[in-house]
Amino acid sequence: MFYHDKRLQYHARPDAPDPLFARKLQEVLGGQWGEMSVMMTYLFQGWNCRGPMKYRDMLLDIGTEEIAHVEMVATMIARLLEGAPLKAQEDAARIPIVGAVMGGDDTRDLVAAALNPQHLIVSGGGALPSDSVGFPWTSRYTIASGNLLADFRFNVTAESQGRLQVARLFAQTEDKGVRDMFRFMLARDTMHQNQWIAAIAELERDGLETTPAPSTFPLDSELREVSYQFWNMSSGTESADGSWASGTTPDGKGSFTYLEAPEPMSEAPELPPGDPRLHGTPPMPIPPVAG
Amino acid sequence: MFYHDKRLQYHARPDAPDPLFARKLQEVLGGQWGEMSVMMTYLFQGWNCRGPMKYRDMLLDIGTEEIAHVEMVATMIARLLEGAPLKAQEDAARIPIVGAVMGGDDTRDLVAAALNPQHLIVSGGGALPSDSVGFPWTSRYTIASGNLLADFRFNVTAESQGRLQVARLFAQTEDKGVRDMFRFMLARDTMHQNQWIAAIAELERDGLETTPAPSTFPLDSELREVSYQFWNMSSGTESADGSWASGTTPDGKGSFTYLEAPEPMSEAPELPPGDPRLHGTPPMPIPPVAG
Amino acid sequence: MFYHDKRLQYHARPDAPDPLFARKLQEVLGGQWGEMSVMMTYLFQGWNCRGPMKYRDMLLDIGTEEIAHVEMVATMIARLLEGAPLKAQEDAARIPIVGAVMGGDDTRDLVAAALNPQHLIVSGGGALPSDSVGFPWTSRYTIASGNLLADFRFNVTAESQGRLQVARLFAQTEDKGVRDMFRFMLARDTMHQNQWIAAIAELERDGLETTPAPSTFPLDSELREVSYQFWNMSSGTESADGSWASGTTPDGKGSFTYLEAPEPMSEAPELPPGDPRLHGTPPMPIPPVAG
Amino acid sequence: MFYHDKRLQYHARPDAPDPLFARKLQEVLGGQWGEMSVMMTYLFQGWNCRGPMKYRDMLLDIGTEEIAHVEMVATMIARLLEGAPLKAQEDAARIPIVGAVMGGDDTRDLVAAALNPQHLIVSGGGALPSDSVGFPWTSRYTIASGNLLADFRFNVTAESQGRLQVARLFAQTEDKGVRDMFRFMLARDTMHQNQWIAAIAELERDGLETTPAPSTFPLDSELREVSYQFWNMSSGTESADGSWASGTTPDGKGSFTYLEAPEPMSEAPELPPGDPRLHGTPPMPIPPVAG
Amino acid sequence: MFYHDKRLQYHARPDAPDPLFARKLQEVLGGQWGEMSVMMTYLFQGWNCRGPMKYRDMLLDIGTEEIAHVEMVATMIARLLEGAPLKAQEDAARIPIVGAVMGGDDTRDLVAAALNPQHLIVSGGGALPSDSVGFPWTSRYTIASGNLLADFRFNVTAESQGRLQVARLFAQTEDKGVRDMFRFMLARDTMHQNQWIAAIAELERDGLETTPAPSTFPLDSELREVSYQFWNMSSGTESADGSWASGTTPDGKGSFTYLEAPEPMSEAPELPPGDPRLHGTPPMPIPPVAG
Amino acid sequence: MFYHDKRLQYHARPDAPDPLFARKLQEVLGGQWGEMSVMMTYLFQGWNCRGPMKYRDMLLDIGTEEIAHVEMVATMIARLLEGAPLKAQEDAARIPIVGAVMGGDDTRDLVAAALNPQHLIVSGGGALPSDSVGFPWTSRYTIASGNLLADFRFNVTAESQGRLQVARLFAQTEDKGVRDMFRFMLARDTMHQNQWIAAIAELERDGLETTPAPSTFPLDSELREVSYQFWNMSSGTESADGSWASGTTPDGKGSFTYLEAPEPMSEAPELPPGDPRLHGTPPMPIPPVAG
């Protein structure tokens, strides 16, 4: 069960409204790598966790923290939207936009047009659970497989993509209040990248998981002859310069080899005609059939 | 530009049709962690790559290989669908299903019903670009951020989740032909997990990226005081037992601390009334306004 | 079966084209609370209706009217799009946009850019079945549960959200022709809010439905001890000031109570290890298994 | 900010696993009217609220409670999935499914096939953030318009549809543990229907909102002559028997009238040819144009 | 504006309920090629039509007819769902499904499980606006480009895919009532395939459109040297046997040629480093930058 | 299996960056009728093909070519995005956007705002697998039914819609490099329209398919009396002027007739009450029931 403290985890107050930036900020609220995604991902991983309790508790700690991040960013967006212009030239005669564009120099309609229109029409000046192009958040962004190594690898990815996006947004505003919140978010992402890297190492130390994941699948049940081969499928051999092309593999169980001119291991497939009642096109004319 | 060799990269021939398994196999073709996802992810990462050529070439090598994996799994599905029953009791009088269920013991209608109906109605016995519940593949599964560390971390995740799903499917069939293809896929996923782990290390050796990603964002621009704090937001302190709660952080730039009873760092927010023309509910009654 | 009269239900002629407003107007055509949603919702409720004929007929009356609303708004959008600029400075030398922005003062490219690009590229100057951010209409906006009280409550919501959005759009244009159509739409939404409120009361008078819906589920089969408790889960007790915190409940079957410091009624759950063949992470190391 | 207590709000323990019912139960977790929807809806309404504090606090109270409901249902699903069969006849020779169907009487493969396959392949025995057909939860289910009357009407709808679905599921299982949780959920939905009905009345008493919503839009700006007309668009006049066809309207501002044979109020529209560079089909042949 | 006649365009009465077939029938109601798609496609093409009136009228004729098809199929689905089993063994002791599967021979739970669960939980025995796997209808299935040749080609496709799906479903039921409706639908699809083929020819006779569409784009603005070349990109030359490899082209403006061993016409691209504030990985190490 | 040649099929180099045009160009990369759609459609049609080998080979030829088109357009987009402005006035004091709009004349913020924000935040200056409004590509754009006539009709549509969109974009830029690539794409679309028209004719010559598709369904199993009737459902009879209203039908198997005043062929449906445990609203009050 959950409790809510009305205080924000960190400040979320811009120096001034900026409805155009509010549109961009939606990406780290309701985008694929935004706060809603990590919140739901960590909570579901925690709720579904069948592993040791320290992992379950840790997942629910961070999942609960992320709800507060959603709250912070949502609050910031609502504040950035204050005073968003609904239309141009409110106390003057209206200038049709096309005419204005062909001859005038007024940009007021343009600001109104460059907004996310749903910030006015749908949420009425509030945050939307969508990304920066208005695409709604979907639970396909929630990853919880039951395998902690596979999932923690996802988590370190999510904290990397998320920190990357905040770093990019940092460069797209000079508002000190927004940047203050970003400084908090960047630092938490730093923590969380470190946290998941530590947790991945701990899974291995605990003897629970290792590379290749899932490590509980027996290696001799896979086709070991292709387990460490690099296939050069694109012209040029620049890829041979990488450490993935030779030497011991990171899992310590083999050596990379480089197939410079790979050949298919099988034959060209042919499919027989299907059931005539499916009316797929057959190799040669057939009589009609209804059912 | 691309060329196609009609031979399959590896065998994709089941011992016998199994339309129910075909439905499940769709997950690793058109699911979130299926072959279509890694194919498009690696190709877009390669096409958008602005880093060293060895990484670009490597991405296009593996992206091109993955098209062949899509081809293999699609072919397998088409073969598993051969002979799928369209309906029950074809040469006998029809027994209404509800009646059959209440008194009979015939399961033929049930097999027809448990199929993915689109395998018959939509694709007519062919593979669908969808997952095991029929949800269509979406390009939100394609990740290409321009930051190779963030993306390679995604890639190792994708190969982990993908290998996990194939391992699970392996346990859900005993068809030797299907398992033979799985043995190849499992091995390639082993290779690719190793490949991305090696590539992540190489990015660091090349001085291009490190933790926290993106490493080109200056650390002193983030709020360092919270960069290594673990916040205990869920009752109980089992999470204090993990290596993420104390000791040097994996990035080597700090030490984890454990906040056992964290408090908010900010205040409860209040939002002012919005523009009255947006007709949000205000704190107190206001006069009507039209525009 | 349906018949079409080519005359529009009401006027849909703007004073002047305004392609930027056309983008916004899409919200009440193909958005979540737009005309397509109420049209499909009422038609499906009508077609699926198993209740008294007066409700079924009423649903098909209003559902059929809403098709005409879709037609009106679509026509308006097509007219607003006339003369939309395809690009800037057609009879002059091209000024690259970035250069123009850094040094020039021309806004023509900007108007072209602020349009919904699909109005030019996809529909070629016609209405799109999408909302104001270009997200396609989805049938998840169609609600038809078979329970008329649950559905009529949705309907009064839909007419409220829809009227709210038109009222907001009214403030974002001064075009007299557009506002004339809005005046019609606002009035019909007034009618329809009243209609659904009346219908909800009539369901109760008819003895068919009441609060809590569905009223055909026996109350003694629910856990009555929590049926009228308000749980104060967020810090502060401002919520105790509402009529939902004390007094007789609207259904007349109980009294509200206010739990100021609620406690969980159950225990912390633990999940046992799963089937090892699913390769979820277990509480302690286990031997490999393939299938 | 949020805190988590590991204890569940209410019990979520089935008497026995039932993976087929787990698939159905997903509807009230990740479906359109499931717990995720009300959780996100109430939280966003609370975070965006610009009205009186008692409403904001109340929204955050209930929004926080709903996170616990998500937790409960997710836990129940994980428990129902224990022991789900991966495939048939594990310690016997495999019988191909088609053959079995044509001659056999074994239903084990069928159970495995009737599961949501993603419960095994994707979540590995855990809850999914999806509905009963596997469709992922989308934030389009989150409604927060800034207008409390419009939104509270949605909320009473959500609690009605949600209670309806739980009541239906109640009839589809006899597991006492599942029914126990349902009895709690049904009661809370009873509370919440009453709560929103009370809150709607309170908004009106507070002078903040009334019918038609939004009440801050001036009535004389709408086309009053059609504000209370019922248009009979479907053959037959059964709809004239309803209270929506005559008498005083619920908003007390008019009287219903019944248009038995409605006529369009406008004319048939015609659209002029578009810009030739859009290559739409014109009324008569035109010369080619490139740009 | 539209009027509704309560009579169905054609009969929609099954001989007996069949809830499993109802699930399949959803494909031609709310699937990609179902009745909702052609209804919305033809209506939008009509409303957006800027060409000769005979085409606009014809589009609105057929679009209006298709609403009646939606109505028919929805009615049929509701009737097929009558008596759908909610659970097994209603007047007997409950047998847990897993146990039943391991040892029993009862199929009642299985029928309930093989249903589309939303037919019970969501629509309560009514039609859903979804396809046979429960995926909701989306307006991306609505095609209306403004170019009548491009669109009529889509329309003949839609009538072909639609008729194909009905023909497949015809073989999956023996219910005489269902087949009777199918016989009507198949015939109307025959009409509509013919209608669109006739309309395509008429566009050409009218001088409005021809191949290649759009014919109003000047041919000398395209790169004519590749306008009739077949590129053999897949191993083997079986494709050289087709009429697309040699001879006069259908547009009468050229001759097909067959490139047996095609070579790229351009060079390998390289991308320069991006803006450092986007934190993409550069070709060589760079100093940190924040904004 | 596939091989990649790093050279592009054709040039993809703009004269100058144009990030606003990059946003539009996404339509023909990741839009419904973009290169990703035809690539996946042709590959799936090829992989699933059960007809003569010349068709299968041809499909794989063109499917493989289309991967190269995706590569070209993606490269072009990445190049158009170079130098995209992150924000305005980088070395000057910040002017809040609303203030600037009300009094200033600076358009720099506006350009940054009119971009697709995901080009900066998500892909960091690379192509996205989305359309021009940012909607992600979905595999519902992939059509592969197994019936070659139905599918080839789709293919000629796709090449028509695709060529139409490129022709429209051609008019929206004057960049010579972009137009050079468009000239190649337009020509290939010309080829492919001709190719599919030729292939359709060849299917008929081969005796495999004809109108109405699927031709393997026996005509006497459809309701022939309505197979060639045009139903005039919209007021006015302009549609009687078309060749679809009289004369021999294109399939040569009948004659069109024109029903000027069509009447329904069936009766008004009524639905009986449903299972009371589904809690749908019945025609008259019923007692409560739980399960």
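Note that the chains take the letters A, B, C, D, E and F in the order they are written out, and that residue 1 is the start of every chain.
Methods note: a contact is a pair of C-beta atoms (placed from the backbone, for glycine too) under 8 Å apart; a residue touches a chain by one contact, two chains touch by 3 or more.
All values derive from a computational prediction rather than experimental measurement.
Among the remaining chains, those touching chain C and also chain E are A, B, D, F. Matching C-E against the pairs in B-D, A-F or A-D identifies A-D as its interface repeat (over half of contact pairs the same by residue number). In a homomeric contact, the two copies may use the same or different surfaces; for chain D and chain E, under half of the interface residue numbers are shared, pointing to different surfaces. Across B-F and E-F, the chain pair carrying more C-beta contacts is E-F.
Averaging C-alpha coordinates per chain and comparing to chain C, the farthest chain turns out to be B.
Chain geometry summary: the mean Cα position of chain A and that of chain B are 11 Å apart. Centroids of chain A and chain C (each the mean of its C-alpha atoms) stand 26 Å apart.
In chain B, the residues that touch at least two other chains are 1-9, 32, 48, 50, 53, 55, 57, 60-61, 63-65, 68, 75, 78, 83-84, 86, 105, 107, 110, 114, 120, 122, 124-126, 130, 133-136, 138, 140, 145-147, 149, 164, 167-168, 170-174, 214, 217, 219, 221, 233-234, 236, 264, 268, 271-272, 274, 277-280, 289-291. Taken together, the chain F residues at the contact with chain B in this complex read 1-9, 30, 36, 40, 43-44, 47-48, 50, 57, 60-61, 63-65, 67-68, 70-71, 74-75, 78, 122-130, 136-140, 142, 144-147. Considering their complex, residues 1-7, 48-53, 55, 86-87, 94, 96-98, 100-102, 104-105, 107, 109-110, 112-114, 116-118, 120-122, 124, 130, 133-136, 145-149, 203, 206-209, 214-219, 221 of chain D touch chain B.
The residues of chain C lying in touch with chain B in their complex are 164, 167-168, 170-174, 179, 236, 268, 277-279, 289-291.
By the touch criterion stated above, chain F contacts chain E in their complex at residues 5-13, 32, 46, 53-58, 60-65, 68, 75, 78-79, 82-84, 86, 120, 124-126, 138, 140-141, 143, 145, 147, 149-150, 153-154, 156-157, 159-161, 163-164, 167, 170, 183-184, 186-191, 193-195, 197-199, 201-202, 205, 211-214, 217, 219, 221-234, 236-239, 241-244, 249-251, 254, 256, 264-269, 271-272, 274-275, 277-280.
By the touch criterion stated above, chain F contacts chain C in their complex at residues 16-21, 23-24, 27, 31-32, 83-85, 105, 107-108, 110-111, 114, 131-135, 164-165, 168-169, 171-175, 233-236, 264, 270-274, 276, 278-291.
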